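So, here come the structures, one by one.
Across the two complexes that follow, chain A remains constant while its partner is chain B and subsequently chain C.
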Partner chain A sequence: MNALVRLFSRPWIWSWGAAFVIWFATIMVTGGASTLGLTQAALTFAAFSIIVGLGQMFVITLGPGNIDLSVPATMTLAGTVALKFMNVENGMILPGLAVAVLIGVAVGIGNYALIKALRIPPIIATLSMSFIVQSAAIWTNRGLRIKPPSFLADFTTSATLGVPNLALVALALSLLSWLVLEKTVYGRWISAIGQSMPAARMAGIPVDGVRFITYVFCAVLAALAGYLLACFSGGAALNMGSEYLLMSIAVVVIGGTAVAGGDSNVPGIWGASLFMFLVVSMLNTYGLGAGIRLIMTGLIIISVILLAGGRKPGAR
Partner chain B sequence: MIRRSPADFIRLLIPALSLAVLLAAVFWLQPRAMSYVGINLLFNLAVPIALATVAQMFIMAVNDLDLSMGTFVSFVACVTATFLRDAPLVGVVILAGSVLVYAALGVVIHLRNLPSIVVTLGMSFVWAGLAVLLLPAPGGQAPDWVRALMTMKPPLVPIAIVAAVVIAVVAHVIVMRLSLGVLIRGVGGNERSVERAGWSIVAARAAAYGLAGLFAVLAGIALVGLTTSADANIALRYTLLSIAGVILGGGEFIGGRISPVGAVIGALTLTLAGSFLSFLRISPDWQIGAQGAILILVLALRLVFNRVEKRGHGR
Partner chain C sequence: MKIRKLLLASVAIACAAMPVSALADTSGKKIALSNNYAGNSWRQAMLESWEKVTGEAVKAGVVAAADAFTTAENQATEQAAQIQNMILQGYDAIVINAASPTALNGAIKEACDAGITVVSFDGIATEPCAWRIAVDFKEMGRSQIEFLSGKLADGGNLLEIRGLAGVFVDDEISGGIHAGVEQFPQFKVAGSVHGDWAQDVAQKAVAGILPSLPEIVGVVTQGGDGYGAAQAIAAVGRPMPVIVMGNREDELKWWKEQKDANGYETMSVSIAPGVSTLAFWVAQQILDGKDVKKDLVVPFLRIDQDNLEANLETTPAGGVANVEYSQDDALQVIEAAN
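== the complex of A and B ==
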């Protein structure tokens, strides 16, 4: 009984519960016929939200006002440039990956430079940065649609032992993030800064360094997601990142990470990402039109956040 | 009579200066813009953006953020181009209802202590869905009176400027002169002390959200008056534009530090930045990027001014 109470006090349990309910509701309609297919599709598509969500979670943990709006533009730029650089050759896969990561690092450095040097609120700094990055993506793309190298295209669309490869990549990144957050000094520092920046500064934490690395880390994860998404969908498109702006924020918050910062939650991101995909596919299965589907998605997001409840003012 | 601290003055000075510099640059590049018609064309689209920016400002005054502004304005535009024209009574009821929904959101967010970002994120899906239901394809038509209002030709000063001034004055009176405005800013500044002073925080938040809804409704109507028809995605960029406008105008994310006049100026600056770039004949590829660069430049300017101001105080 005690264990049960403890389980329900975990912030991530709500997103997992909601994801499971929706999953069950969907396969009930199809009579269980699509169980495996639905699960695999959910894992594959959730993987992208998980990867960008992890980065966004690190940034949001830094405290109020910290948010990275340049995620979609970074994804697009990394995807287009990496595909152009690889030029459909299998031998260029690793250099292409390196290019994507470098773009992430560059955007991250740019973001934090604006935040720090110009003392701009992160929302506006990353927004301005995203305009510039998006322009760069438009300029490099020029209407070209280059295919990914065949090996990468196969890798991103197939599964190992029934589990989609993309989900495995997301799992590895999630484990890494969890280790970094829970077991390293850096992770503790992020939480400390999110709880109180002045206190963290007084405690001798290198606040600027930690924030800098966090913004770079977020941009690198976004670049990585862009690289994988471009390979998965058979080419980069200029609008490929757009839905991940709201998605990356939604999965973090629905997953139980405190919006006020200082408290992050890796498992919750998985639950929330699966949930977000499953909601859409459930409403599709029911054969509802786009309008109704959007309304239902919104109402479900709000009900989850209402059920999970806000934190008590004192508990922040 | 008017007691205003120098800090407030500086807060307004920078946005006003950046607008003036940008306007001068546009006139220098294209002298023909310096006319009644030219100025109206330059600032036409700024009117709905200014209204949306003021709406966002009310939400930011209570330390919240509205991520559904763009989809809500789109939804209002769809209602205006369909119901408000064909069945005005139903249209008015729908729009009044949506303002009430905004006020209710404020209540729910406050009572359950929810993050406003997530609730408005959820609402953005709801508004988008409703807009798609109303107008699955671009269409509809602006009511005649809205069209007439937005294309009015007052003597001497173009309607766009008149509208901007009216919006600024009305917002200024609400936020700075009415006790309601002081209460709303107080909630942003120090919620607990306002509560201890015996005010109802729930009512203040509901009022802030309701006012935001009202101004957003006006933004949607004004937008349709300019475009003559609507589309479910017509105003999606307003979410980010309105946030940027408030910040450009000297507002801040926390602490109830907002400036209604600044917000309107911020919206005008953002609109003008777009025209400035097309006059510069920058390749379309880089237009968005250059807009970002202008945003950064203005904010950098603000930093320099703030430093000068601090030194002036002898700290």
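== the complex of A and C ==
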């Protein structure tokens, strides 16, 4: 009983519960025949939201005002440049990955340079950065769709023991993030800064260094997601990152991470990402019009956040 | 002196090449393109066509300037501000691909009141003082079903991929598709998703609905989404339905690969991005004093099994099958409307 109460006090349980209910409602339409197909599709597409969501979660945990709006542009630039660089050759996969990561590092450094050196609020700094990055993506390839190397295309679209490879990549990154957040000093520092920056500064935490690393980490994860997405969908497109701007923020919030910062939640990102994919699939499957679909999506998200956010005052 | 002579000569040549507008009195006029979005291959092709055709026209002295401006955020308010700037900068005509059919009407009215010719195309504006170059999007949707009825006599279930919810073009094409299904009742739309005219969004949406769908014989689309649908269907190993394509290079390339491998047959239809150049010539003709009807219709560009290779060859990598319009084409369209 006590264990059950503890379970329900976890902020991530609600996104998982919602994802499960919707998954069940969707497979019931076909009497269970679509179970495997839907589960695999959900895991595959949720993987992208999970990867960008993890990075965004680190940034949001830094406290009020911290957000990275350059995620979609970074995904697009990393995807287009990496695919162009690899030029369909299997031997270039690792150098291509390195290029994508370097783009992420560069964008992250640029973001924090704007925030720190020019004292621009993160929301404006990352937004302006995203214009620069998106223009760079347009300039580098003008919408040219180069196919990914065959090995990478196979890897991203196939499954190991029934689990999509992309979901395994997302799982590995999630475990890494969880370890960093929960078991390292750096993770504790992020939470401390998010709870009170002045207090963190007085406690001797290298606030600027931690924030800098966090913005770079977020951009690198976005670049990685762009690299994988471009390989998965058979080539990069100029608008391929656009839906991950709101998605990356939504999965963090629905997953139970405190919007005000200082408290992060890795399992919740999984529940929320699966939920976000499944809710669209369910409403599509039931054949509802776009208007109703958007209203329903909004209502469902609000109810999940209300349930997940129902923490007792002072519970922290 | 020499440059002056050269200019005169090129103007003379331009005049000779254009029998109808014998007087090139638009040579001092400035035309601006107000564009609301540049982030996909179609819009990139549109801007390139504009640059190419108007660049030659400016060099030939047909008009003094033809500058293209794109807003950053695809917002109607931003584009309205852009149009107001163009009024202040003294352009004689503004060619618009509008972010919204109604939200720009105020700014467009201001431009008209300032004596500026406004021509909207693709994303048209409903303001009565502006000209509209529209595609018969309804027919574009209906013709897809008609094509499928010739290909699949027994009919069956269709999957519809729509565009961006709430956009006028999406409603029009979808309306045409549903009218087509009424006309050919052997077909049934078994599922409908929004692909936002983007391959990756379409792929995601199709992958989500596919497990719960019965067997699909055809996929009707709006352009920019066919390749994503093919990827999603191939990933689950279903038999490949007839996917109507939308003239993007990756879609045509995929079709060609399938055609060579197993004789796959389909068709491809979309609006050519070069329609921006048609709008340019129409604006030029209006400035020239030509009497032009307010509503013009531009034909859509259709690719079939037999002219696939020819079209694929002329389509730039990563681009869209395109037609650039000449002044004569514009005159023909204008005549057809009268």
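Keep in mind that, in the parts below, the second predicted complex is superposed on the first by the 308 of 316 C-alpha atoms of A that agree within 3 Å, B and C clash if a C-alpha of one lies under 4 Å from a C-alpha of the other, contacts with A are read in each partner's own complex, and residues count from 1 in each chain.
The rule is simple: a residue touches a chain if its C-beta (ideal position, glycine included) is under 8 Å from a C-beta of that chain, and two chains touch if they have at least 3 such contacts.
Given the structure is predicted, the values throughout are model-derived calculations rather than measurements.
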Item checked: Overlay on chain A: chain C relative to chain B, clash or fit -> clash
Check: Of the partners chain B and chain C, which touch A:Ile302 in the superposed model: first, second, both, neither?
Finding: first
Next item on the list: Would you sort A:Leu294 into first (chain B), second (chain C), both or neither based on which partner it touches?
Entry: both
Next item on the list: Would you sort A:Met240 into first (chain B), second (chain C), both or neither based on which partner it touches?
Entry: second
Notebook entry, point to check: For A:Leu229, is the partner it touches chain B (first), chain C (second), both, or none of the two (neither)?
Noted result: second
Check: A:Ala250 contacts which: chain B (first), chain C (second), both, neither?
Finding: first
Notebook entry, point to check: Looking at the overlay, does A:Phe131 come into contact with chain B only (first), chain C only (second), both, or neither?
Noted result: both
Note to self: Going by the contact rule set out at the top, does A:Thr26 touch chain B (first), chain C (second), both, or neither?
What the structure shows: second
Check: Does chain B (first) or chain C (second) touch A:Gln195, or do both, or does neither?
Finding: neither
Item checked: Partner chain in contact with A:Leu69 - chain B first, chain C second, else both or neither -> first
Item checked: Against chain B, colliding segment of chain C, chosen among 5-13, 41-49, 95-103 or 239-247 -> 95-103
Margin query: So chain A touches chain B in one structure and chain C in the other; where do those two contact lists coincide?
Written below: 131, 134, 138, 290-291, 293-294
Note to self: Could you list, by residue number, the parts of chain A that touch chain B in their complex?
What the structure shows: 64-65, 69, 114, 118-121, 123-124, 127-136, 138-139, 246, 249-250, 253-254, 259-260, 289-302, 305-306, 309-313
Note to self: Applying the document's contact rule, which stretches of chain B touch chain A when the two form their complex?
What the structure shows: 67, 108, 112-115, 117-119, 121-133, 136, 240, 243-244, 247, 252-254, 283, 285-293, 295-296, 299-300, 303
Notebook entry, point to check: For the complex, which residues does chain C have touching chain A?
Noted result: 38-41, 44-45, 48, 72, 162, 165-166, 191-194, 196, 198-201, 203-205, 207-212, 227-228, 231, 235-236, 249-250, 317-319
Check: Hey, which residues of chain A end up touching chain C in the complex?
Finding: 26-27, 29-30, 33-38, 41-42, 44-45, 131, 134, 138, 141-145, 157, 229, 233-235, 237-240, 242-243, 277-278, 280-281, 284-285, 287, 290-291, 293-294
